[in-house]
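A, B, C and D label the chains in the order they appear, each numbered from 1.
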């Protein structure tokens, strides 16, 4: 039985935590890919930015990370809309690959701006060590993991409600389906794009704050999860927010479970290659089913 | 030469082509007509390898070629033109033509570096061939013009010129006369006839200009609802009440 | 009778290729008007001209006497013209009801009564309201597309070959749907390939050839006119 | 006199680095400029080339495999082949999909390459890297060793430039341009589009591998950070966009220009007080990024826009064409 508890404590729960963070990030990626039709490389940097904003707010107020989360999300969303105005909007009619290059440049610009403003030292959102919750005498769950998974689930429910219940959410899904028909239907496409950035930016910030809460604040943190987040979006099917949620969980769990000693005593994949798991899964899905599990768009 | 047997193409629930069978005899100009949505262009796309048939066979010179990629079809001698000209807008008219001939040694990267004489000799030959084609189409004066600057009709001529740069056996023309002024239509008609007579091409053309079909084509195949409705001369077609009915959308054909 | 829509000597095309050469057409209140003609005659193009999808070089388009020439599509929608394209006319991943709600996007008032009316008009849609529109049959997809357009209670409905690619069984369904919509007081301008059936339900029809008007008349007149057949199959000209 | 000597050495090193970047940038030009393929993982191919040369040419060492003391020219060849092979694998999966997928996959591939170099300690000495890489002509007296190495790099730039100029003007280049213009038309003309794309992608990666080989010799040291997306990928993109894509001259001059700016600005930021030195170093990344955005929006063709080869002269007199037969 010991092995089972080990599995849960050191692989399954961390996988779930990482997975819900990836899921939040992947929703934004899949929405921008579906609606604006390009892979946004600067998405990881929105996550980093959100974490730094949260750190600043915590330093100023001394509140709990979850308490400052909404404000960090709001500020990041505003920045995302601003970046769209200045750097992506000029390319609305251009081939989308121009947007990919622009976002690639944006990635470095946002990161260097963060490094310029906050420096490159590691920072923590919360100091001190928390006592883990112990269930059945053997399952140990850190309270912050409960908070992270809880917050991520709550946000996913909110996103679900926005996309399925509000007029704007439905318009976003409609535009992801067919931008041409959306225009003919009289949908204000610029407004939809703005909302896509707001939601994508806010969720990225949330993912960044939760990731920083789990580990620490660091300028490369967003770039380091960019690949798994993309892999999650592709796995779920481009343009499919629900697919992105599932894809995120799968990638997160896969990264952690890959290091479990499934055969014999050594980890299946050495921990050093954890970050490569997402890449391998992504190449696999591109080979076998480029449309992803939810049959998203393929280009 | 080409036999299509029970060809089907379904897009989702839509049956664009369903159990379509016909053949094209060598040395003919076969017309393919029918109302919009009859599946003519879809059939073309399958013969040219741009679409893979859902089922059925395409026999070309006795070999089933259904589902092969475009460049394989091309190497067997099946060449197509497009209804909307696919010119290379930023390249010159001459380059548009010089691109076409297959298996040019200069298309192998290393040949350009290590056997330049071979490449240059072939380039000269290809250029001659392209210039001949331009002469034939009487657009030689446009040799160095960017293809994007040509008029709609000139682009159609260029499409036709591309078929002259190949060892084509069967040329599929998709509405060669669409969007072209009447004088040029007559010229294109004349070119097609001459290409058949002088170069021995077999043509299959989709066209809605019935006068052009009448003047050029024998036989004429009428498609409706994704299948062949009838085959015969243009006069037969005009006389057959089923055809008019199909065009006017009578009850099930 | 008042003229809901009027095209006055409209010329235009894509890029520098002119496809329409001075088209005249009008639709009066309560009418079904059908446009037929051989392939490439410019039928669909004429419809796009009304909807602001074409750059017009000459002529004018008027809606209820108001000039809407070269108005962008999003504004044409707001003025009360709804257009159902031939293909790609529903949001396949949205449910039937969500498609209809999107049709009402520009409305700020309560659209539920209209939704109810549409469900009454097309009972199958009510049954499948929660299903993804992409999973419906061809005929029902067209119902969704038209229903979506009707959510705006438009002054006029433009249909571009609603029966294209449908089997004869569904065609009949579509034509009776068109009639139902018209009976509810919406004038309709439709392009059709299936001339016979379409003219059968039309008040009037236009025949276009090579981007110009050829014949105009009541549906029955056109059906009985022998020249119409020649326009399709040649032999009468040249 | 000493100062002048110092400046000259700086100039030599500036040109050497500029030259290495010019090779990288020419490689990207084949991929993006010729073939329209977005590679966001240049650093990966660069690092593969660097490690290949490092492991092949060094003296035997207990810390990593290799140490074959192999001939430099052979090492260059292996570096190019290794990078080309990886490109072929990535291309096999992604070239049939739209460019965005290639961009994501290449970023991932570069990351995996970095992980391998970092984790396979037995093979690569892990994060501590491989040192004491022999540099050609390093036994020559002081300025001449640097100058001789510069000569090798410049010769490579010249050969690559010459080869690509020929390639671009050849029927091969014609097909490449045509694919970017109108893919269906090229398919209808019977060309195997995937083959051409793959050739462009692999050729470009091979040049990147060669640049990596030079870099390892120039630094005499490689570590996993060589594939840093900032200096190995992003900077190269700025160089090509500013210089002008699909123009080899633009690629070379863009590389030299941006490297000069990069290096000179480092001198400025480096001379500031410590407190400011670190921060302004990031400010210059920001400014280079902004420069990319400005060029993308205002001068998308770059300083040297793409130039189509002039039409070949006809054998016959263009004014009096032979009458139609």
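The rule is short, and it goes like this: contacts are C-beta pairs under 8 Å (C-beta built on N, C-alpha and C of every residue); 3 or more make two chains touch, one makes a residue touch a chain.
Bear in mind the structure is a predicted one, so any value in this text is a computation, not a measurement.
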Selected pair, greater C-beta contact count between A-C and B-C: B-C
Chain separated most widely from chain A, comparing mean CA positions: B
Interchain centroid distance [CA atoms averaged], chain A/chain D, Å: 32
Distance between the centres, which are taken as Cα means, of chain D and chain B, whole angstrom: 43
Contact graph of the chains (line, ring, star, complete, other): ring
All touching chain pairs, where touch follows the definition stated at the start: A-C, A-D, B-C, B-D
Chain D partner contacts - residues on chain A that touch it in the complex: 33, 38-39, 41, 87, 90-91, 96-98, 100-102, 104-106, 108-109, 111-113, 115-116, 119-120, 223, 226-227, 230-231, 234, 270, 272-273, 275-276, 278-279, 282-283, 286-287, 290, 298-299
Footprint of chain B on chain C - complex, ascending: 16-17, 19, 36, 38-40, 137-138, 161, 163-165, 167-168, 171, 192-198, 228-229, 232-235, 237-238
Chain B residues within the chain C interface of the complex: 13-16, 35-37, 151-152, 175, 178-179, 208-211, 213-214, 237-238, 243-245, 247-252
Chain D partner contacts - residues on chain B that touch it in the complex: 48, 50, 69-71, 73-75, 79-82, 86-92, 94-95, 98-100, 102, 104-109, 112-113, 116, 119, 123-124, 126-128, 131-132, 134-136, 138, 140-141, 143-144, 162, 166
Touch list for chain C against partner chain A, complex: 51, 73-74, 77-78, 83, 85, 88-94, 98, 101-103, 105-106, 148, 152
